[in-house]
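Take a look at this one; I'll ask things after.
Labels run A, B, C, D, E and F following the written order; every chain starts at residue 1.
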Amino acid sequence: MNDEAIIKRTQETAEKLFGKGVKLDRPYSLWKDFDKELAKDFSKFITGNLYSRTVLTLPERQMVACAILAAIRAGDELKLHVNAALNVGCEPEKLAEVFFQLAPYAGMPAVNEALEVYREILQERGEWPIKR
Amino acid sequence: MNDEAIIKRTQETAEKLFGKGVKLDRPYSLWKDFDKELAKDFSKFITGNLYSRTVLTLPERQMVACAILAAIRAGDELKLHVNAALNVGCEPEKLAEVFFQLAPYAGMPAVNEALEVYREILQERGEWPIKR
Amino acid sequence: MNDEAIIKRTQETAEKLFGKGVKLDRPYSLWKDFDKELAKDFSKFITGNLYSRTVLTLPERQMVACAILAAIRAGDELKLHVNAALNVGCEPEKLAEVFFQLAPYAGMPAVNEALEVYREILQERGEWPIKR
Amino acid sequence: MNDEAIIKRTQETAEKLFGKGVKLDRPYSLWKDFDKELAKDFSKFITGNLYSRTVLTLPERQMVACAILAAIRAGDELKLHVNAALNVGCEPEKLAEVFFQLAPYAGMPAVNEALEVYREILQERGEWPIKR
Amino acid sequence: MNDEAIIKRTQETAEKLFGKGVKLDRPYSLWKDFDKELAKDFSKFITGNLYSRTVLTLPERQMVACAILAAIRAGDELKLHVNAALNVGCEPEKLAEVFFQLAPYAGMPAVNEALEVYREILQERGEWPIKR
Amino acid sequence: MNDEAIIKRTQETAEKLFGKGVKLDRPYSLWKDFDKELAKDFSKFITGNLYSRTVLTLPERQMVACAILAAIRAGDELKLHVNAALNVGCEPEKLAEVFFQLAPYAGMPAVNEALEVYREILQERGEWPIKR
């Protein structure tokens, strides 16, 4: 795949993930502040190469991304990806369950931090409390 | 739900997860060596309460468990749950993709450790290489 | 032990740990916001089964809980358990020493975060500086 | 306190902690292989300054050290300190309970790794299973 | 080296690292609030013994310290050492590259947290954006 | 830069880092076992884009990589990069000092694991003990 095709795919995937819902600062602008070239390389690799793969559906990939970010307790990044998960159609109740599933492995502090972030994003989106 | 019902559900869920595939030591016998009563409490809580919930399907729950265990780099526990994931019907190619998805967040050492564990379990199950 | 007995024991232990000192949000209400049934299961398991055991005295258990939470750098949860430690009679000077003991293993950032949390709770309780 | 007094105290404390039980490689000899001077500084600081303090009794300090090392999943160092804990008179059943207490915070992989190390050391010391 | 010489060296090294740039709370005063004697021991060991060694130049040591603190995601401590790195003459562009180098190992959340801290310190020092 | 140029640069950089010293399994072959296409993307991004940048010299970059890998306690990956560091000309004594510098931040278990890996690689290269 040539470079132009990667850039186009990067933009389309980014739009699906981050184009609606809560407006949040994205790391891309932080990277660009330090190095324009590398910012593009990061973005093309993560969004263009990895996130554009279709072995997992986008909702599946986002559920996994949220599980990982919650497990390593990366709250800011999690905020971004909880929002993206809802943008691409993850079921809200399933996402809560992903965070409960952290309990026996990553511990309750990880569960609590993830649920706090999740509740906050749901509130900002006007989707709180979760409908069943 | 009364205690008997929980115990029954614990055993049924444990059977689905760990009843076939590679034979591995399960932590339950380690806990029991130190404290029989608490071993039961752990097991009833984790397998009987948490793993028996149906918000996520068992394959979805196992994919998430594998993502979390790989993210915190808990290789022994991951071995157990990779095997369980395959037992309950996770698609092998999707599970590999879960581990690739670790790359931008938990880092390449987490990716590599997870893929090593996964390849080893697939080999022991006679399911290597993955068919597409 | 039947379910009613567990619930009673959960409430009694929670009262001893969190019933006085600084008023803080407890994770129980966060869990309940997402799932009432699982919130009860978490609470019964952690407070009713684990914290109600008597192999360690409550002050010993709290000292250990504080050591663990400080080691994994879980500041919010630590705040709750530093307060609980003082509620059940941990000696303030010993608790400070627990945090110093983190230095060679969990590193100075863990020491510093724990001491900051501890000083803040002692101040809010009107017990600062520690008497010797 | 002058340097000679610190060195004497370092040796006395090291003897109490590591002078009996299972024979294990101690990090001091590893440090010395790379830098003799710094090895002494590490040892004087950790064993001479920190471990020689009396705010916590040695059994209390070892219980806390074991909780911390188990929480950060440092198995080799934990082996050393589980042995030291038993050398200075920690009650074996209490030490097991310290590791169970990891469950809600550091997660089951931390519990399991700690119990495995502990069982191994108890076996090598001929003190397995724990008497009650 | 006698105790007086260590104290002198501790003060000189501390002055080089923290004597200019952004004014930040240093952990020494936090330690002292809890224990004067141990605060001195920590300081003499870290600044007097370790940071005063000359195998690495001070700019090299600070680059390494920043890499480590960013990798373990210790933002407050990183702030202090990013400032110190600039005080002892680290090249600003190289320090940014250290943080980019985290990407494949410690993951993007570590990169992002480090770059945020770094941009903030550069702004407070009036050295933003970095000149090339 | 077009794709062919990136591939060429990836190979040249990989050769400098891993082309001599101890023969070790490289993660590239593990990735390829699961997904050929993604293996190339990982390699082009990490080695072709990131490691080929010249803001840091290769010895500087390797010192930083070793500091990061030791801090997150990724022993297998560290082995690879300690060997690469020596291949590109890092001074052996400086690399040891990088690992000592972990002590106050990442803790002694990180120091000890890194020094063990380092000593092992130096022995396999026939460069032990370090000359001064």
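In this text, a contact is a pair of C-beta atoms (placed from the backbone, for glycine too) under 8 Å apart; a residue touches a chain by one contact, two chains touch by 3 or more.
This one's a predicted model, so the numbers in the text were calculated from it and none came from an experiment.
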Touching both subunit A and subunit B (chains): C, D, E, F
Whole-Å gap separating subunit D and subunit F, where each centre is the average of the chain's CA atoms: 32
Inter-centroid spacing, subunit D versus subunit C (mean Cα positions, whole Å): 24
Centre distance in Å when subunit D and subunit E are each reduced to the mean of their C-alpha atoms: 30
For subunit C, residues contacting two or more additional chains: 38, 46, 50, 53, 69, 72, 74, 77, 96, 100, 103-109
Touch-based graph of the chains, sorted into line, ring, star, complete or other: complete
Subunit B residues touching subunit A - in the complex, by the definition given at the top: 46, 50, 53, 55-56, 60-61, 63-65, 67-72, 74, 77, 93-94, 96-98, 100-106
Interfacial residue positions of subunit D with respect to subunit A in the complex: 103-109
Contact set on subunit A toward subunit C in their complex: 96, 100, 103, 107-109, 111-113, 115-116, 119, 129-130
Complex contacts: residues of subunit A adjacent to subunit E: 27, 30-31, 33-35, 38, 42, 46, 69, 72, 74, 76-77
Residues of subunit E defined as touching subunit D within the complex: 2-3, 38, 41, 45, 49-50, 53
